[in-house]
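The structure under discussion appears below in the form of structure tokens.
Chains: A, B and C, in written order; residue numbering restarts at 1 for each.
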Amino acid sequence: MMNFLRNLDRRWIFLLMGVAVALPLLLKASFPENPNPGAEIVFNTIENLPNGSRILLSYDYDPGSQGELMPMAMAFARHCAEKKHKMYFMCLWPLGEPMIQEAMNILRSEFPELKYGTDYMNFGYKPGNEAVIKNTVQDLHTLFGTDYNKTSLNQIPMMKGVKTIKNMKLIINCSAGDPGTKQWIQYAATPESIPIVAGVTGVQAPQLVPYLPWPLLGQLAAIKGAAAYEQILIEEYSQFEEPAYVDAAQSTTAAKQRMGPQFVAHLLMIGLIVLGNFIYFIDRRRGRA
Amino acid sequence: MTPISHTPRYLAILLAMFAVVPWSFAAPPAPPSNLVAEDAPDDVGDQVNLSWDAAPGEVAGYNIYRKVVVGDQISGASQLESVGEETTGVTEPVMPEGPDGPVRIEDLSFADDEPIASISGGETVYLDENVEPGTSYMYAVQAVSKTLEVSPLAITEVPVTPRWDWINKSKLWFLFIMVTISSVVILFVLIAKSGRKVKVRKIAGLEAVNEAVGRATEMGRSCLFVPGILDINDIQTVAGLTVLSNVAKTAAKYDAKLEVPTARSLVMTAARETVQGSFLSAGRPDAYNEDDIYYLTDEQFGYTAGVQGKMVRDKPAACFYMGAFYAESLILAETGNSIGAIQVAGTAMPSQLPFFVAACDYTLIGEEFFAASAYLSGDPEQLGSLKGQDMGKLIAAILIVLGCLFSTLFVVTQNQKLGEIAAYISENILGEEGLALNDKQVAGIKMEMVQYEKDQAFAQTMEQSKKTFLESQKAKAEMIQSRDANEQDAQGGEGK
Amino acid sequence: MIAKRTIPLLLAAIVGFLMLATYFVPETESYGATAMEMFIIISAAAMILGGGNLLKINLAKMSQRRPGWGYAGITLAAFIGTLIIGLFKIGATPTAAVPGHSWAAPIVQEGAPFWWIYQYMIVPLTATMFAMLAFYIASAAFRAFRAKNPEAILLLATAFIVLLGQVYAGYWLTNFLPNLQHLVDILPESDHAFAMIVGTQLEGGAAWWQVNYDGLSFAQFTTLQQEIVINMDASLNDWFWQFLNGLRLENLSDIIGEVPQKAGFRAIVIGIALGVVSTSLKVILGVDRSYLGSE
């Protein structure tokens, strides 16, 4: 037995992890969520802006990290829509565009009163990484020229009076790496004093802590942050708890549902670490004896 | 005669309506006051900052007008006298005499032109980014009401001439620090070059490089070098390639096979040059095979999958990860671990360091990674640069300690001088406020001190009232308790 | 040798110093963006080099029938197929803005073949790769977190706290320690909402006379509400209460992130920044030439 554990094939660990993640998903196990202060700050920032404020939403992630970032990206879109904020979508990652499409699908189906071009619009993807951010500060019209559908920006009603992102009240950034929140902070938020809130992957979150509380007002870190945000959103706007929203392709409780697997996976990891140490101590004792 | 007697009353009402209606519905708003136009600092003279005090009442927006002042056209424009109208705050310049008496504001005809900008009523600043350096401008701002009524113009008192600045003065301190650190690095490079010995602490991870390549040769297996997933414009990739040049030299010496899969075409080209150079300097140009350095894909996880597959199939005995990494760090390092390879990683991506530390035998953390090429080459010039970096660290440490010290002392003592020093360190030396403390900063510190006093006094009175409150509450509770006890006693007495 | 050594080094030096100048000289401010654009063009052109290399290696593998040559075939088929479909936007529907030209359609247009490739191949493939991290982190943790020495024990303890603090388990395990909810719970039900909201403000650092509720300030509260606020403030400011509250796993995990983690992180970043300065200088000044392949 000890020998088996000592030389434990990693595939056993993989199997355990697979079960740990799959079971809560299949059983739809969920755990109560306690809103954390970070999520509250992010929520209040969007909530307290006057209705109809202009907000830039940059979705800088790709399918690889959509498991972690999609729920919060969708929650941002829903929250902005509830507040009737004017949404300007864009992305710095080529594969970010389909993520914006998901958000626009939600706006079309759940908020039919909002119209493309007057309430929300999509600049689409622009190559150039941080150079794009620098140019959004200069002139959005020369930078993009058209929206993602090649409609001239001059023909889009909500672009009237918008020259640069200095005309925006807030930047919302969903970021899976570089270019992402760090670049938005360095090249737009800090030099132009535009507040920013972000939803980021777990590994990125510690790197962004030094930028809190200004210009990064708050950040949602990984699924936990998204789940807390969803919880607050549901508490404020109770219709999001209805089955129509919960069972939608992009559920209003997507992150909360994913906290179950995370919970069990964390416990498994603790169990594994304990086991590893147990073997280590037994071996050491024997070695000494 | 009844109608007659009534008429004046109707008339009065009618008149009153006329008098009231224009005032309540169509009264033009008052203009904004204190309009100031200033040259925006530290630019190429293409920007002018406008600021004003908001017009009283509800304002929907402001129109901004601009006029070029050309020497003769509005003669004496720069000496325009002004009479401020106390009631409206309009600054009306006294205009020079024209053929038909004094030139009126209308003749300056700001309002005839299209405004250069219309902005929303909440804002009281505007940055005009469309001016020519050396040209003088007059600005005018008018308030616009919700019903699109416009106010009289508020006009700047003096023309503004944007200036061309050759250097950004707000960044002078940064320049100074950069030059200092760079000079120190160069100085130590020169000192090392002159033959002075430079002592560098042992970096275990780098000692292991040779050992790893040696073991791969013994086992008859290959070495794998991953130069990160970013392009050659990232300095980490460059640092990775300098490590590669040393690894390649060792591999050439031992006659070990070295493979370098890359995620960028330019990195592939650069890596080929590097490895070829190393094989050449090791005297083994014949052993160099271009096809061992190849491009896979730019796609992060596509690349990861490709490298991972390579590892599982070929089972290299040594894996090096040197460059910029993201989520793939752990996937690569764990796969390498599962095939029993000796692994050395080096990166300046702080978020990925824990994963490399957990899964690799040796990890070069941040600056160790940048020190690697100097360390491996043993070249005194390069080793000197490490000493230079230490000096940079010393500067950083001194600034941190001084900044903390003065900030703390300021809070404790509320001494203005200390506050100024703290502000100077954080806002001038490390910020972008320029070489000298400006009035705004000093005013800010004074305000902070006044606010502190006020807060302190207020908090004290509040604490006092809280204490009284709590005491009164306690007394009340005691009173209730003793009353209850008395009542109970009384009841008890009755029961007996 | 001049073409291979001197000219590149000279170019590197000139461009390096010019880019440094863009930060300090307003006139050159826009050069950085221009240089970035030039780099994008160069690296895009270099894609041809990379693609050519991919073709060459895989074709060679196939023609020589080396082991795994079938995979090389799949790679090539996927490469060429995606390239053609994406480049010519095959099957894309023209948009209203540019009718008649399907090549002006968005890159990933819903329903188009490229979207299919994206939606049903790239998305699941990359998500799978990313998800593998969960498996690898478990096996790495199993191996790496051994209490070998005092430092390792510290690391282990930290890992436990953070792992638990991130999920409901942490909340559940240390819920006996005081938190705001406990203060709220002892109040009558009707005051819970009020106490929760002002309590959050107090916790966030507001003084008791600064709290507000429903648009009302402290002075406008009822006597009972004022009493609740003052009592909560007294409890929350009690050092012992704060200490016990800080021991709650979710708070402890936050504190670890906010204090020691942040400090260590900043130290590493300062070291990295200096390393970057020094490496960049060596490249600009030509002290380190190994990236050019010369010795």
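Criterion: a residue touches a chain if its C-beta (ideal position, glycine included) is under 8 Å from a C-beta of that chain, and two chains touch if they have at least 3 such contacts.
This is a predicted model, so every value here is computed, not measured.
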{"item": "Chain separated most widely from subunit C, comparing mean CA positions", "value": "B"}
{"item": "Top-ranked pair of chains - ranking by C-beta pairs in contact", "value": "B-C"}
{"item": "Centre-to-centre distance between subunit B and subunit A (centres being mean Cα positions), rounded to whole Å", "value": "22"}
{"item": "Whole-Å gap between the CA centroids of subunit A and subunit C", "value": "10"}
{"item": "Mean-CA-position distance for subunit C and subunit B (Å)", "value": "17"}
{"item": "For subunit C, residues contacting two or more additional chains", "value": "126, 129-130, 137, 139, 141, 143, 265"}
{"item": "Residue numbers of subunit B (touch at least two other chains)", "value": "300-301, 327, 350"}
{"item": "Residues of subunit A engaged with two or more neighbouring chains", "value": "10, 64-65, 206-207"}
{"item": "Interface residues, subunit B side, partner subunit A - complex", "value": "120, 300-301, 326-327, 338, 350-352"}
{"item": "Residue ranges of subunit A touching subunit B (in the complex, touch as defined)", "value": "10, 64-65, 161, 177, 201, 203-204, 206-207"}
{"item": "Subunit C contact footprint on subunit B (complex, rising order)", "value": "42-44, 164-168, 171, 174-175, 178, 181-182, 185-186, 189, 231, 233, 235, 238-239, 241-242, 245-246, 264-266, 268-270, 272-278, 280-281, 291, 294-302, 304-305, 313, 327-328, 330-331, 333-334, 337, 348, 350, 353, 355, 357-359, 365-367, 369-371, 373-374, 377, 381-382, 385-386, 388-389, 392-393, 396, 459, 462, 466, 469-470, 473"}
{"item": "Residue ranges of subunit C touching subunit A (in the complex, touch as defined)", "value": "32-33, 36-37, 40, 95-98, 104, 106-108, 110, 115, 118-119, 122-124, 126-127, 129-131, 134-135, 137-139, 141-143, 145-148, 156, 159-160, 163-164, 166-169, 171, 200, 204, 250, 254, 257-258, 261-262, 265-266"}
{"item": "Touching residues (chain side subunit C, partner subunit B) in the complex", "value": "20, 23-27, 29, 39, 42-43, 46-51, 53-54, 57, 60, 68, 125-126, 129-130, 132-133, 136-137, 139-141, 143-144, 207-209, 226-227, 230, 233-234, 265, 268-272, 274-283, 285, 287-288, 290-295"}
